[in-house]
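Below, each structure is written out as structure tokens.
Next come two complexes built around subunit A: one with subunit B, the other with subunit C.
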Partner chain A sequence: MLIISISLPHSRKVEIALKKRYEHILRIFQRSKNLSIPYILVLFLSVALVILCFYIQLRYNYTADTIRLLVFPIILFVVFFIYISYELSVKLHDHNMTEYLQTYGRGLWKTYGAILLCLLTLIMIPALLFSAFTIYLYYFIHAQYIPFLHHLLKLSLLYFVLAFFIGAMLGTAMAAVFKNKRLVVYSLTLLFLFLNTTAPMSVFRVPYLLFNAYGVEKILYDVKDFVTIVPLELGSSFAVVPLYGFPMEPHRWLLAFFWLLFPLTSISYECLAVGKKKKVILAVSSLLVVLTVGLFSWRGSTLIMDMRTTSFVIGDYMHYTKIGHIPAALPGNPEEFSITEYKMDLTVSNELHAAVELTIDDLNLENYDFTLYHGYKLKSVSSADGQPVAFVREGDYITVSPPSGTRRLLFQYAGRSPKYFANRQAIALPGYFAYYPKAGRQEIWSNNSYVIDLPSTDSEYTITIHSNLPVYSNLPGVPGNHNSFRGKSNGLTLLAGMYNQVADNLYAEPMREDALVSQNALIIAVREAEARILEVCERLQRPPAPFLIGDKKIFQVPKAFSLNSQTERAVVMNDHITTTGIYDGVTFAMEIMQAHFSQQGGTIFSSSYLFCLFDSLSKDNPLRTTPMDPVSLLEDLQEFLHLDSQVNSMTQEKFHALTEPEKTRYLKAEQRYAEMYTPIQQKIAVYLFYRSPRKEQNLRAYFDFFTSDSKEHYLALAEKLFREEIGHANR
Partner chain B sequence: MLTVKNLSKSYGRKKVLHSIDLELDKQVYGLLGANGAGKTTLIRCMAGLYEPQQGQVLYHNQPIQKSALFLHDLGYLPQAFGMFQELTLYEMMEYICCLKKIDKSQYGSEIKQALSSVNLEDKKHDRIKTLSGGMIRRSGIAQAIIGFSKVIFLDEPTAGLDPGERARFKNMINTIKKDRTILISTHIVEDVDACCQSVIVIEAGRVLFQGSCDQLKQAAAQKAYQVKAEDSDKIYGEKYILKINEVNGEIYHRVLAKEKQNYPYEENPTLEDGYMCLVKGIA
Partner chain C sequence: MATTISKKSILIGAVICALLSLLLVATAYAASVSVSINKGSGPVFSDTLAANKGVSYRGNNSFQSGSVLYISIEERTGAFWRTDTVQPMGIGQSASGNSQLRIPALWRVKLNPALANTDCIGHGQASVLP
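Showing the complex of A and B:
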């Protein structure tokens, strides 16, 4: 008999052996009831989650919220994969297999390889299910915005595939390192889960509350961030900013790769019996840790969506009110000079790196005051010829003392703001924010709100931005130069990310779902706003020119800008308007009008004024028909004004100096003030501007008041108008 | 064939092996030593699992770390041995064949040969979790010999086995020993006596003896005495009472004595006599 032996090529043999090992490990998984049954349940839960998300999408049609819901429990899946990967891998230790497998020539490593391959198969089923659903949503909503599709693809990779695989790697690595010390492994897993939820927030706040040690809180959050696999962690109620999308900054990819590679090096280290390779692995692993921690600490500007003292929600509130960086009171410190020209070279990488050369118009001052947000760390100030110029920085303010006759100053700085972000994922730097030096000392924060303080005159801007993103600006682009702009304005607005030009002079976040973003709807709304402004100006018998949109560019900015801010619904600059969202023409018109009002007007009162002026009071508003008597309203107003002066003049020192009965009386007054605050202002506004027989005169009087620089209390005029009306009626 | 040269190993400051030199050929060696003598450490160093601080292990004159042949030829049964409980014995052996890079077409014959050597062929379709402790140990030997491993290290292979399994083990070693270097680490002298041609005695990390079983027995020549219990005290000089046993209702002591006594010595000392003479410094 002739036997013909055909030997297979080496690569084919390796492939067959790998397949065989993989099949055996998969069989072990299938036959382990403590693994396969929970896995099947998790698969059912995955399908249920997708069905729930689809139902939510059908019902509310908010894609970002739907995906947010899908992402919400992802960390639980990661923890589950830690469990199954650990329990599958630890069988090697439970059954004392590692020692003899090591003698098979990388036998242990091959077994871990087969386990990881098997786990990869297991994680890919839910990961692909979730990914497919997100991509399907893109087509389901007819998004037709390719950057959003790219965003969803990256999201699927980072939040589902890599996150799940990180779970598998962590579980396997813990089996390799901690072996069958289940108590250690499950304790670490619980800690990992804890850090990937919002639960630590209250714990981390303790050092600040007890010892005012917000530095400790920062360190704790740094540790938390380092192990946060899925941002917008479990328990977080923050909505996704459509301009920014789901957080996927470079450092998150870095962390994802670290949490894949570090467990891999740990497994390799445990698999290698002896030799130099083991030392090499140890060195690589250590280098990986050092490198990742180093790069992580350099992460720069991120959108921090939690309640830490540096988050975008409360960062500035904490800075200006709680942590002791109270801005200097600025009366009597007017802008004594103006900046005629800016030449800016901006690099947006991990954060904003800027070299800003500015030209000043008055050369005879000894000191020049500038405002630059405190988050931007000033490296140097120099004259045009490169000579360093002395400067003193106090929070947001910089006092520069250049040699006499210095016309140009070069500021070099880098940094970030928690709210107005600029990084590789998105840029949102509105022109009214001091992210570049502005002339004089301008307030950035006052009375628990951001302050809009724009220069009255335009400056000439020449801007070059180095960024991986296409940047949109209020200034015209320099033809042929990517991300370069030149032109005149009183504020430079820069926006990038999931952002687009929707129509001529109209820019918006294409994936914004709560406001108008389509070309036609926006054009109609802007036209309507313009028409309504003309209409009300005619009614007020005042010239409409200052309020008209004209050829101003309109930039929709993130809705989140309204957080902690009563001033950013619409900001009107000389050549452009920023708005947190256009919902309809009338509302937009009201916001534009309000943007022109002086800031001392209470927003409840001025909003009610505008509703009456634009005849937009809701039909269901009971104030339209409730009987109102000007005399009793005047009495209420007088009481309110009395309480207002009482409450606003109270300080902590004064309060402590009161006797107990006085304190009780004061607290009662404060409570009454709070109860009256909204209803009385609304009532007065509705009466004066909607119900009163003298409403047209009242509207004009208040319009003049709101657009003036009057220092009078905004309700003092109401008192006067009531008296006039009562006096007139009595006659 | 397998040479251990000047091998030393420490755990931290504690030196466990002191300059070990050994030569192993194609036969069955018993590595005898008390608990903690360094047997397992020596075997692990010889299997390439531990890196010695000093010295090396050579296989066909090549350091084992660089020898692909050694990796191919090595079969190892550790003290604690187990397998995936969810697989059948056949599947587990198949998995080991994969890791040992045995050609897929030969899996069947290799597994059959290995399992029949350890008398477990009829259990090949049984799940590992249904096998007894003895069967698991025998499966461990099967995994060590599969793929015709030429160098086999068995670390305490009979620990915890019942007498029947131990007898079966000894028979099995006699079945597989041909053309192989087998090193059996144990502290049970009878096991060595039953199936080893050569013995290595290790004590406190040092090799006290390497030679044939007969040579080790000779270490107790004219030194082993079987005396009545009441005469035991009459044995003078350095001595060691190895056993106390009862013969026809009378208590006898087996005494190892350094000096010649006035009692008749055992004509045929056992391996245990020789071993104890060595470790107690009586030889």
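Showing the complex of A and C:
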């Protein structure tokens, strides 16, 4: 036996020794009641969570919610694995075994290796359970969309397997580094848990409150993001964007590997006795930190769905109203030239990198103004022959002063927008957004919404996109060239991610659950929309041409585009339409019509108008049958208009200059205005456009108003129509 | 000894249950819901509203407020409440609009002062689209 043992190769001997240690440690784990009983409880909880998720799936048939429910408590599992791995490993220190183990050939290192193997076994049971359930869901809902299956596989690996193993590694490393200083370990674990939820939001605003500094908040969020193991945080109320899926950008994987390797280097450092190897480990560890921090800071465009000042949700609001104070487009500064041609070479990696060559039609101007969203940092502007051209950038606006006769200009820039993302996971760049230079000075943000300002004429586009994703565009693809497009339009829309062409001219997110995505349902809805538009235009005796869908391509863009903007439900460009969701034909038709309306009409009034025009009032709406008297409605309207002028003319300075009784009077008026706001507008709309004997004339009058550039108050016309009706009745 | 419950108690219990159910149903099927915040800590939520084709909303942040107030419209079609729309309201400003989602869902209004402040006075309302 001894001879056989000696003749065994070294690796085999290590394997046997490791196996023995592994079995011993598993036995220790079983015998430790403070570890094995909670672990068994967690296993039961895992099974219960899966059962609950399955119930939720059966109850609501909403896969995104089911997976979200599965992912939400994952950070608690990670914390639990920190606990058991720490308590299992710290036994070495509790019983002063480390010194003894270090006395023979890498004994301590081998013991840690066996502990990690044992922990890997323990974490794999819930991790595999959750992963199996996630994959099962794909087949359960008959998804039949392979990119979604790939997404779920990656999700299982990152959110379950790697996240749990990170917990085990962190616990073991803390045992190696902090030994039995439990207070430190548990404080760090709680901090880790805190940073992995949405709870720090209010704490991170403290620097702003104290020093009026947003920069500190940004740094704090960077730290938080660096330790965020499960990107969909506990406490978030924002839905998963189906085009994007669960956040799994390259930097998330980088962080996952960092949080596996960094604890490993810490364990190695503690296992080794003093010497050169220890210095090497320290150097490797430092290099790892520097490299990861460096790459992490280069992460570029990411979808941030929370309330930080750089998020999708409030990033632009904060920029345009609080931080940036970007000058608005001046009315006396009209677009004086057009761009006839764009040649774009776009690279979508961590963010958008662009080289855009454009041709201008008027060569006799001294300066040319362009609009490019401020998040895209302009590196250079040059002429076609490569000569640098002087430019001045002021927020979203670039003023270029080329030598006389310059027809072509080359813009090179890179950057991102918090809302219109472009990275390796997905791309959502709608044609109405200035992610490439647009002629003239255009407003990007106004009245808490994005401004849709499209050029009236088409430009010729030649586009090449370098991306790992198949990109969908409104322009026809160049045959034989992947992600290359050429054609004419007044806006270039690019979409990629969990996205597909579902029918001719129809593009949507296959895994979207709130809107229509199936081929037949979408085709029927679009046909119905077209038919209803024709019908109402005939009713209005107005030409339908501007509203018809015809052969325009339709792109369903993320619903989240409307999260912080009231202008993006449907945007109609010359060759395509973007919509945040097709729910049914009539609603889509109404949204297309509303897209053509000027911004002067209040949203509530204009949407009530459309409900009446399309004869879509809800059957149980009491306004259909409640008796209405035009005279009392006119009185209410006059009261409302009086309150409206009072409320809208009030400023902070004026308010603070009021005496106390005046303030009380004003606040009462404001309260009355708030109470009246929605009911009065809905009542007036239903009366004028549904109940009135002159409803057809009223519908036409308001249609002309909504499609004009009139600056008149949208309810002043209602007052006029009421007077006409009352006067007519009295005659 | 077995404890018996009188018929009267059962009847009272049943009536209370029925009234509570009616109250819940009435809340869910109201035509509009509203919520106010008066220098308290947020977020505050309105009651629930059921709508088939979405809701319109309006909110205002009083001149007496000390900071920005966010009005959020939340919908529930699945297991969770999800934010459909968020609009910031500066001091003395208002916000209004329609929800994005146009399918049967439950709705509620959330008022959330920025920076976790407790100096906001405001009001939010959601009404069923006609």
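The working rule: the second predicted complex is superposed on the first by the 713 of 731 C-alpha atoms of A that agree within 3 Å, B and C clash if a C-alpha of one lies under 4 Å from a C-alpha of the other, contacts with A are read in each partner's own complex, and residues count from 1 in each chain.
We take it that a contact is a pair of C-beta atoms (placed from the backbone, for glycine too) under 8 Å apart; a residue touches a chain by one contact, two chains touch by 3 or more.
This is a predicted model, so every value here is computed, not measured.
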Three-chain arrangement built on subunit A, subunit B and subunit C clash or fit: fit
Contacts of A:Ser202 with subunit B and subunit C, given as first, second, both or neither: second
First, second, both or neither for A:Arg424, with subunit B first and subunit C second: neither
Following superposition on chain A: angle at subunit A, subunit B versus subunit C, Cα, nearest 10°: 100
Partner chain(s) touched by A:Ile28 [first = subunit B, second = subunit C, both, neither]: first
Partner chain(s) touched by A:Lys110 [first = subunit B, second = subunit C, both, neither]: first
Which of subunit B and subunit C A:His319 touches, first, second, both or neither: neither
Touch count on subunit A, higher of subunit B and subunit C: C
Partner chain in contact with A:Tyr100 - subunit B first, subunit C second, else both or neither: first
Touched partner set for A:Thr66, first subunit B, second subunit C, both or neither: second
Subunit C versus subunit B - closest C-alpha approach in the superposed model, Å: 45
For the subunit C and subunit A complex, residues of the former touching the latter: 31-32, 52-53, 56, 58, 60, 62-64, 70, 72, 74, 77-88, 90-92, 94-98, 100-103, 114-116, 123, 125, 127-130
Touch list for subunit B against partner subunit A, complex: 44, 47-51, 65, 68, 71-72, 74, 76-78, 80-87, 91, 94-96, 98-101, 103-104, 140, 143-144
Contact set on subunit A toward subunit B in their complex: 13, 16-17, 20-21, 24, 27-28, 31-32, 91, 94-97, 99-105, 107, 110-111, 273-275
Subunit C-facing residues of subunit A, complex: 56, 59-60, 62, 64-66, 68-69, 201-202, 205, 208-209, 237-239, 307, 313-314, 317, 321, 448, 514, 559, 562-564, 566, 569, 580-581, 583-584, 587, 602-604, 607-608, 611-612, 616-618, 621-623, 647, 650-652, 655-656, 667, 670-671, 674, 677-679, 682, 685-686
